[in-house]
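Alright, structures below, take your time with them.
Both of the next two complexes hold chain A, though its partner changes from chain B to chain C.
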Partner chain A sequence: MAQWKGWRKVLTVLAFIGPTLIGILIFSIYPILFNTYISLTNRNKFHPNPDCSVGLTGILEPTCWAVFREHASAGIGEPYRLKEPLFGNYADLIGQFFTGPVLLALAKILACFVPLIIAGPINKRLDRQLDRAVQPRMVTLTAIVLGILLAFALNVKDAIALITGSGDFIVVNFSTILYVLICIPLFFVVGLGLALLLNVPDLPGRAFFRVILIVPWAASNVAIMIALVWKFFFQEQGTINQLLALIGLTGRSWLQEPATAWFVIVLANVWMSYPFFMVTILGALQSIPVELYEAAEVDGASWWQRLMSITLPLLRPAIIPIIVLSSITTFQMFGTVWAITGGGPSRGAGTPGATDLVMTYAYKQVFQTQAYARMGAFAIIIFIMLFAAILYSLRISRITKGAYE
Partner chain B sequence: MSRQTKPTVTTVSRQQRKKEEELSQPAPQAAHPERFLGEKKSSSAARRKTKPITRVFQLVVAILATLFAVYPVWFVILASGRGSGRLLTFNLAGMFIPLEWTFENYQIMLFQEPLLTWMRNSLMVAGLTTIACLCIATSAAFAFSRMRFYGREWGLVLFLAIQSFPGVLSLVPVAQLLTAIGGYGKLWGLIMAYTSGTLIFCTMNLKGYFDTIPIDLEEAAMIDGCGPVQSFLLIALPLARPALAVTALFAFMVGWGEYVLASVLIPAPPTRLTAMVGLYKMANDINIPWGHFAAGAVMIIIPTLLVFLYLQRYLEGGLTLGGVKG
Partner chain C sequence: MKKLLFLVSLVLIASFMLTACGPTTTPAPATQPPATQPPPPTEAPTVAPTVPPTAAPVTITIWHMWSGDYLTAIEAVFQQYMVEHPEVTIELSQPTDPTAAMAVAIPAGEGPDIIGWPNDQIGTNALNGNIVALDDYGVDLAFLQSTYEPAAVAGVQWNGKIWALPESQEAIALVYNKALASASDFPSNPKDFTDLLAKSKAYFEAHGIPLFCNQGFPGGDAYHAAALYFSFGVPTYVDDQGTVYLNTPEALAASNWLLSVKPYLLKEMSHEICKTALIEGKVAAWWTGPWAIADLENAGIDYGFVTMGKPFVGIKTLMLTKNAVDRDHAAVALDIIEYFTNTANQKAETLANKTIPANTAAFMDPEVQALPTIAGFGANAALGIPMGSTPYASAQWGPVGDAISAIWNGSQTPEVALAAAQTAFEAAIAGMK
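What follows is the complex of A and B.
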């Protein structure tokens, strides 16, 4: 379709993509540009209003445009202006992170994972040898023990304390990454287990279970309602405590203690997200040729061996993209956490609560503290991180796709 | 896991024995290949037979999982049928089976609270978002799939980049923009925000589907004198119907279930809220019994569930067809 050229082509293409481009320009690109600009100013609750005579402000603030002047809010307070120094907000957020001791602490934590990383290639090499002197399982176990020993030797507890002491941004990012690291394996294990179960060909009521186990996925369209139900379960006077009382146990205030509040937000997220994994894995399971299992059975492989050596490796191309995808969505999790704990339990005014993730923290900062400029910088940093993650995930899914076909 | 391993291991070893016996049986099989095949089939059918203990274990897991999956929804249904001061039951059976049932909460929600108005608002927002999104995105998806123009690859990367900008953090500029054009606190402002928010997803999804439609048909049409507009409207669009349906459903679900944008862009008055925001406020209001919220939530959740479950197989198919990968 590329034979035509010149103005006609330009006009046709524009007619096709024009409306989309305009929508995206106004509601997606403009907010990003505006955020970038705001992140360089000192806009906050004391300096909320634009000064339309300043060049860029006059262009970027819609209320400064002549057409929309009538809607401009006649606010009080001084107008905001560019921050001195220009990147002051960024320095506030992550400045403390890039200092010697904190980076050293980070290096210490990463060092604890080195044995596990080394164990991977060793295991791979061992796998190729027919007469194994050492079992791969032992290598992994040794690596884990070594990692734990290293953690004690390098005093990782202090290192973590040092990092979490270096600013709210770092704390929140740390707990969000931890949340992702807890949630994703759980999604995977629950999803895989149920997919294997549904893949049993003569399971009674298989079709029924297949539909009923997807209910959470369907309900995740109205996630906020379900989150409110989870909140009700774990309230002080909620269902769980009622159940505990019935069997003679005293309940606890689940949402007021950091550990149990974490448990609740993880549980609610697992409930909502495992069907996606289950359905994807089930689809991939059905594309694995049966002959492989038959051959393995003839060779006398146990259920576990078949799972580890046939099922999981062949599921890889299907699993990796969805793991990356749901890592990104879990990182951006807002509604569920907001509805259940609201970021709490509180750890003192002005500091992020125990279950404050990146988005809930940012939301609070914007709408309760009105720290617009700081949160502008926050948004830009998160944006860069997520974009890098997405580009990386595209690369991975392209690679695995190549392996699949 | 380990509990499941054990019985299966024994099954395998038993099967193995069976297999060995089978293998140790001499020649006739080889002499009659057909019979051999038949026997093999029956042996594989026998192998499929699971040991009772494994079966029981599988069923227990399945039932527990079902309980986990359905209980939150089931609980809302139960709570919606209990009378107002009796939300908490001290009866174990009452937590799973409706021992009593009243429509009191439903009546209050339908006739005293503005639930119907909220649902109408939500339906309007979701419906118009879907229509607007499809009208705008389909042609762009077609262009990105079929036409080669300067900046096409960059456009796709740009789409991805924009999608990775966290929505919560662009709330302030969007709210400001809508304030400036007078759409703040109005349904049409929310519709505009939703439409542009789902545009990228719709475009990418539809583009993925257009990519899978062979171009030959359109080429044949162009030889016959079709322009790009005609080949889009007459050839590609009818072929893309399944993907259009899936995309429409997704856009609708976004408009129907979204909470954050709606709560910021239309905070008041009560008659203009969407269902999610209205019910959220209700659930967190100590003065309103939770049963009322439950009744409202049931009326929101159950239709969503039914529609989604009914169309679910098409959704999976459509998504893999559309190839929203990454």
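What follows is the complex of A and C.
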């Protein structure tokens, strides 16, 4: 039996975890460090090359390493250097957000949700009471009405305009979060509706529909091509307008108007994503004991009451992880939007397009204008935001709970 | 036994790691001259060399933006070069995004030896060090002036150096389908946009289809929209000193004209939409360049030309990359570039592709001069504004395109859009300086 202590133990452990550690260092830690450094410089298409004599640049910049130096471009442009002030790129992106008026505008928007937040605990307390003075749904309805009234009273429309006018970063993040908030409930509603329909035992052609409705998900492997088909549908000379013309209606330039362009990218995403929800919910529906429905029927519960009191609560463990996963993929949406609208229609120079989301905007900034340093800062801020969001989602969804048990 | 296994595992892991960290390419021989030191300048050639500069087998990679039938005639020239120089293999490749591909490939040593690009890319790529000046490899102004057209000679120079050899000159013209319209449907004065507006309205009302299609208007394509803006007196979008001419009365007048003609045009226009619309008889004319002619001829369209507006005159060029120098391919690559742009090959390519050759002797050839496309596109090019080679030129497309697109779709008024574009463009130029 070999000795299992001291340096031998350390060496053995290192031999096993070393390759993984090196992989993490090379493929995760180094890119983050390098990106963070670039975000503090003025690197762009006109200052793309490094000055290898600068300490950190010489260490972090690959083209300064001996193995790459032979091919490194020198050019006749000035090398990039540290930005003055150092956090200038960050200030350009979010500096205006942290000003009094913009924070006040944000507070006004959040204030509109206060009635709904308060309604939650009230409803919980009401649920525990047998003799309720007010029905929980009335509390929710009142909270919604109060929220809407507050939105008018606090002039939320102007507050949103102020926030979206405070910089590109805020605009594209606002658009992306809105896109997620619109898409995810639609994925859920369409997926749930179709799953419930396909779960009806005596539905004619049930097997056929189960297969055919998954096709969009199968086609998502070629998402760009499918997106181009959607674009073709909604072009001025496209299928939709030609169909409208057949019934005597005049079509419109769907992709040239901000609202309709938004509608198209939401529709295309819903079409490609609902099968994921449908299949998951359909699977989860099979695991709900039939006895529960039978008991509810005996008690005289309506279809709606059975849905709200049995189906949805028991679907919750299956739904929350897919909502989290779909929120992440929708936040990162690129190909579909890029192929259909390219981020447009344009809202003018120096302003993100009407359908520019985080990824399309970042792509344009990096690959079309080569604003490397600015986008380095953009990526770091997004990284922090998503890291926080993922930590929170892990907590509420308990996806990784099993790993620690 | 366990000790032995432990040691073997350690050695294996260490060897895998060392293999993974090793260089993927064979190191350059010690005798190779340093990459930063170009070969000593030689006597300026006055004619393209016909003797191959090397007898050793060599593969030259060319990245390009040619496509479709246009590419077929070009491939034939390179095939002929390989027949004449059996030791040389030429590989053609078309990257999806050449700017991004170059930024990654050149430092990695995986870039092309030659890249075919318009001259507005010269400034930025010279700054980046992706391309090298040809002065250091024996190309001088005397050779340029004796071989190529004056506009092309000017287009390949920047910062006192020669950065490319010109292939062809490009300008857009109104190409109309003779089955749908005649010259009388268009203004006789190429600067009379009031007449073009009136004729667009009349044609639309009479036939129910637009008179012309221009992808620059809704698509935010500053190149195609230039024919309109320069006609209204905008001198250029940005000059060599970095002065921007967007927030000007001339640009405003052009933008207002754009809104006036919008009701009589398609709302969405792109290269494919315009091409299909012209071929299918849904639009009478297409404001396009020589690259579209091969497709129209294949579709059997009987076309004519109208001289209208002041288009951008771009120069298609071939540039020598830094990787060609690193690989010691510079002499062969330059020989290929000169072969491709010589009189015989430019004439052959022009007769096939209907382009405007940059080579003077090819341009003056009677057969070439007899081509209707040379007269058609040439007349428009003669009125046009040369595209700059400065780094500022490569930064113009975004701000101008966004402004035109915003004006077209109504997101911004012309005044607001042009002011925003001026600000964004000037901010970009400040970043360069």
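Definition applied: the second predicted complex is superposed on the first by the 367 of 405 C-alpha atoms of A that agree within 3 Å, B and C clash if a C-alpha of one lies under 4 Å from a C-alpha of the other, contacts with A are read in each partner's own complex, and residues count from 1 in each chain.
The rule is short, and it goes like this: contacts are C-beta pairs under 8 Å (C-beta built on N, C-alpha and C of every residue); 3 or more make two chains touch, one makes a residue touch a chain.
Everything numeric here is computed off the predicted structure, so don't read it as measured data.
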Mind working out whether A:Trp7 is in touch with chain B, chain C, both or neither, as first, second, both or neither?
neither
Looking at A:Pro19 after the superposition, I want to know if it touches chain B, chain C, both of them or none. Which is it: first, second, both, neither?
both
Just to be sure I read the superposition right, which of the two partners does A:Thr63 touch: chain B = first, chain C = second, or both, or neither?
both
Is A:Glu236 touching the first partner chain B, the second partner chain C, both, or neither of them?
second
With both complexes overlaid on chain A, does A:Ser253 touch chain B (first), chain C (second), both or neither?
second
Given the superposition on chain A, which partner contacts more residues in chain A: chain B or chain C?
B
Considering only the contact definition stated at the top, list the common interface residues of chain A for chain B and chain C.
2, 12, 15, 19, 62-63, 68, 71-73, 237, 367
Residue numbers of chain A touching chain C in their complex, please.
2, 11-12, 15, 18-19, 22, 42, 44-46, 48-49, 62-63, 67-68, 70-77, 235-237, 253, 255-258, 344-351, 354, 367-370
Going by the contact rule at the top, pick out the chain A residues touching chain B in the complex.
1-2, 9-10, 12-13, 15-17, 19-21, 23-24, 26-32, 34-35, 61-63, 65, 68, 71-73, 193-194, 197, 200-205, 209, 211-219, 221-226, 228-230, 232-233, 237, 239, 242-243, 245-246, 271, 275, 279, 283, 294, 297-298, 300-304, 321, 324-325, 328, 332, 334-335, 338-339, 358-359, 362-363, 366-367, 372, 375, 378-379, 382-383, 386-387, 389-391, 393-394, 397, 401
Complex contact set, residues of chain C against chain A:
2-3, 6, 9-10, 13, 16-17, 23, 28, 35-36, 97, 99-100, 103, 106-109, 124, 126-130, 159, 218, 220, 266-268, 273, 276-277, 282, 322-323, 326, 391, 394-395, 398-403, 405-406, 408-409, 411-412, 416-417, 420-421, 423-425, 427-428, 431-432
Mind listing the chain B positions that touch chain A in their complex?
1, 4-5, 8-9, 12, 15-16, 19, 44, 47-50, 58-59, 61-62, 65-66, 68-70, 72-73, 75-76, 88-90, 92, 95, 135-137, 139-140, 142-144, 146-149, 155, 159-174, 176-177, 179-182, 192-193, 195-197, 199-200, 203, 215, 218-219, 222, 228-229, 231-232, 253, 256-257, 259-260, 264, 276, 279-280, 283, 290, 293, 297, 300-301, 304-305, 308-309, 312, 316, 320, 325-326
